[in-house]
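In the two complexes that follow, subunit A is the common piece, with subunit B as its partner first and subunit C second.
So, the complex of A and B:
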């Protein structure tokens, strides 16, 4: 089902939604793109994607899980309720929405993570088609169409007159159903709204099927991993800026008579990530880099039949030493 | 010119490998991201193939000397050479293990600044070319000429040491940074009250995601084990809260005082854009004023925090 709306009406519609939900939309803060409370800001044509992935809105980098109070020889645990309240995020990109879907089986498997799942169920995802290939990205190689996606409730393509929306879910249908803002649109209008992607590569850099087929084979090749990871500086940028990296640490904040347990982001790039009492299986950095790549393209695929990478390019564009994952994958696929 | 420098560098590094003078050579290669050069770590003359010379040599390659031991050939700009001096002075490196190749530094281009001055987005930049005292920039089918002073990294504008302070060989070219004798713009933050500074930095550190890129890229951060990773006892919580972030950054700054050469790598790599060089610079100014000490410029001068004199002021001890 397709609908259309003018740019001005879209803003009015989003502003109106604020009465029933928290509405987030792209905005620049301290020079970096992020999703911020919608305040009728203009949607800049320069917005390509958020600097930090929106996963932080679902798997928060700091999340209190429960707290305790002690005294008089007793200890009382108090579970903290997951976040509540409807939320609408406008302007999300197909890669990041795909990442949220990829993470779902991790948090909705045998162990149901109430925090992640509640954040998903309370949020309506409104996507927007990309206009340019982001620096460092390889979404095409990862099978993502930057101008279409079914991982949203509603997906918008911009036209000179406004937007054509593809309504995907019932929730999306209910949200855009009102006659005041949206009009009906045809499939033809939707198809015509597919625009050019600035800087799009004609040819893929590598064949994902070959990466999948050969990732396990490369795992024991110590020389290969040592070579490709040589310049890595073991910082957490690639993992913290990754929309699918989801490893976390649990940490207590203990004060006299009370305390709380938090979950916070952790990174397999850190030497202490696997440190145990007597042994660290990933003491050397080539083992840690191998883990990051293998987790995404090998282990995760074996466990969940999905590759834990969406090719957003954040790790490529922001690596302090230009350690380019695309080059590593290119070698694996060769 | 770049080609000539590259050819000479290539010949020099190849010879060093052939003569068995080095086991590694640290240089630059063409980056895969626009306007970003990448470090090149060569283990043999075959690895030198990608050696590259251009105008975006932001990296301070001295960082890799924390990890790469043995006989190392290294390409340095003036600022990077200060890290070498500082690390040798700190006993972290031996001068005789290094073969230092000096690069005549004309100041390094900051593509982010170029985009800002040319009024376009960084991703719209197509070409940046140096031409004497100017920089040519092409974007969205437009061309603009900018004075070099507007196109260089901030740290290059007030650079006092464009020529490497130690070297074994020098590449051709001219040392032309700083652009002209400029008085660096005074940091407005310094004029503010303690409360205002506190709120400024609280807000900055609130954004920190604790990726530790600032620490890991820093040549002066050479502790084999950082206190933030100690967990018995845990001095600093890994939770990215304002308070612990604040403790981490201030502790790191104080810890590198006297070793930090204000190379600005911490600020360059910070994914959250925290202006860490403001702290480096303040610290450097205090060291100059209180100890008459500038980090990384003198191989003989005593280090401020490693030296004790009978006549040192001790009025702070009550």
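So, the complex of A and C:
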């Protein structure tokens, strides 16, 4: 089902939703794009994607889970409620929405992480088609269409008159129903709204099927991993900026008479990630880099039948030593 | 706008929230190892909590964090749980400061367990080293509490020195039990030492147990496990007749936090108990 809306009406509609939900939309803050409370800001055509992935809105880098009060030898635990209240995020990109879906089975399954799952269920995802290829990105190679996605409730394509929306879920339908803001649109209008992507490569850099098929074969090749990880400085920025990196630590904060336990971001790039009392199975850098790539393109696929990478390009664009994951994948696929 | 589904959380703990436990006894095992006996504060949980030998739990010292230890008591002996801790880092150091009456947290039980069904009617060979006796001890007690289900039971246990032997009270009971063949060895004895002297795999080859209708279960320091597996192979044990437990750094214990994997396998969910056959086929050597 397709609907359309003018740019002005879209802003009015989003502003109206604020009565019922927290509404976030792209905004530039201190020169960097982020998702911020919607305040009728203009939507710049220059917005490509947020500097940080929106994962922290779902998998917070610091999430307090319970707290305790202690004294006189007694201790009382107090569970902290998972996040609450409805939320609407406008302007998310297909790669980042796919990442949220990829992570879902990790936090669902037989042990449900209610914090992540509640963040997913309380949020309506309104996506927006891309108009330019992001720096470092390889979404096409990863099978992601930057101008279409079923991982949203509603997905918008911009047109000179406003937007054509593809309504995907019942929630999205309910949200865009009524005659006040949206009008009906045809599939033809939707198809016409698919525009060009600036800077798009004619040909894929590598064949994902070959990466999948050969990732396990490359795993034991110590020489390969040593060579490709040689310039890595273990800064962990790739894991921090990655929309699918989700490894976490559980940490305590203790103050006099009280404390709390947090689930907080961690990184496989750090040497102490797997450090045990007398042994560290990934002490050497090449083993940690191999773990990151293999987790995404081999182990995660074996366990969840999905590749834990969406080709957003943030790790490529922001690596301080220009370690380009695309080059590594290209070599694996060769 | 549709109302989002809300999940009732009242009375339901998040997967990361531990149960409160009272320490009811602390037993010093060696200079750096202690065994803790703990009991649920919630009396209903004392009745309903169940686990299987080989499973582990996450133990909290509130303010210091969590650490992973196997449950070293037997599911056949209810009432309280036991776990043993060598002092090596932040949480274990904090645990060692605790006394009877202090409160800790426990999440679990997690992971798989020893294949008790496959042990029935077999000769059992337990091979332990140092604190590695802890998970074996759970299974040994479990098996001894149903002694008639099994044939010969041999326990080979080793430590660096007589002072480093854990669970001396168990070793003594087992050595007096006519239905158990108990061999204790140390790397270096002292003038009072009456057991064997020598490394576990060496002593194992000296005893030379027959692999016919037998299952070997081994746990200890990685280096001991490595050589013990070789010795068992030399004695004619098939990889499918040998079981061990593996150790990796864990945080969540639930297959989510992303660090205890050996290749695609997560020790917390796919382990910690593995057959030697599985280990031989691992795609990764990172353990």
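Here is the rule we go by: the second predicted complex is superposed on the first by the 334 of 334 C-alpha atoms of A that agree within 3 Å, B and C clash if a C-alpha of one lies under 4 Å from a C-alpha of the other, contacts with A are read in each partner's own complex, and residues count from 1 in each chain.
By definition in this document, a contact is a pair of C-beta atoms (placed from the backbone, for glycine too) under 8 Å apart; a residue touches a chain by one contact, two chains touch by 3 or more.
None of these values were measured; they are calculated from a predicted model.
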Clash or fit (per the criteria above) of subunit B with subunit C on subunit A: fit
Contacts of A:98 with subunit B and subunit C, given as first, second, both or neither: neither
Which superposed partner A:3 touches (first subunit B, second subunit C, both, neither): neither
Subunit B versus subunit C as contact partner of A:20, first or second or both or neither: second
First (subunit B), second (subunit C), both or neither touched by A:55: neither
Contacts of A:295 with subunit B and subunit C, given as first, second, both or neither: second
Which partner, subunit B or subunit C, touches more subunit A residues: C
Inter-centroid angle subunit B-subunit A-subunit C after superposition on A [Cα, multiple of 10°]: 90
First (subunit B), second (subunit C), both or neither touched by A:251: both
First (subunit B), second (subunit C), both or neither touched by A:318: first
Shortest CA-CA distance in Å separating subunit B from subunit C in the superposed model: 5
Footprint overlap on subunit A, comparing subunit B with subunit C: 249, 251, 266
Residues on subunit B engaged by subunit A in the complex (per definition of touch): 31-34, 36-39, 41, 59, 63-64, 121, 123, 207, 209-213, 215-217, 229, 237-241, 265, 268-269, 271-273
Contact footprint of subunit A on subunit C as seen in their complex: 1-2, 4-5, 7, 9, 13-18, 20, 60, 62-66, 86, 88-89, 101-103, 105, 221-222, 247-249, 251-252, 254-264, 283-284, 286-287
List of subunit A residues in touch with subunit B within their complex: 30-32, 46, 48, 51-52, 61-62, 132, 134-136, 199, 230-231, 233-237, 240-241, 249, 251, 253, 262, 264-267, 270-272, 316-318, 320-322, 324, 326-327
Complex contacts: residues of subunit A adjacent to subunit C: 17, 20-21, 65-66, 68, 70, 73-75, 77, 79, 81-82, 86, 106-107, 109, 111-115, 118, 121-122, 170-171, 174-175, 216, 219-220, 246-252, 254, 259, 261, 263, 266, 268, 273-279, 281-282, 287, 291, 294-295, 298-299, 302-303
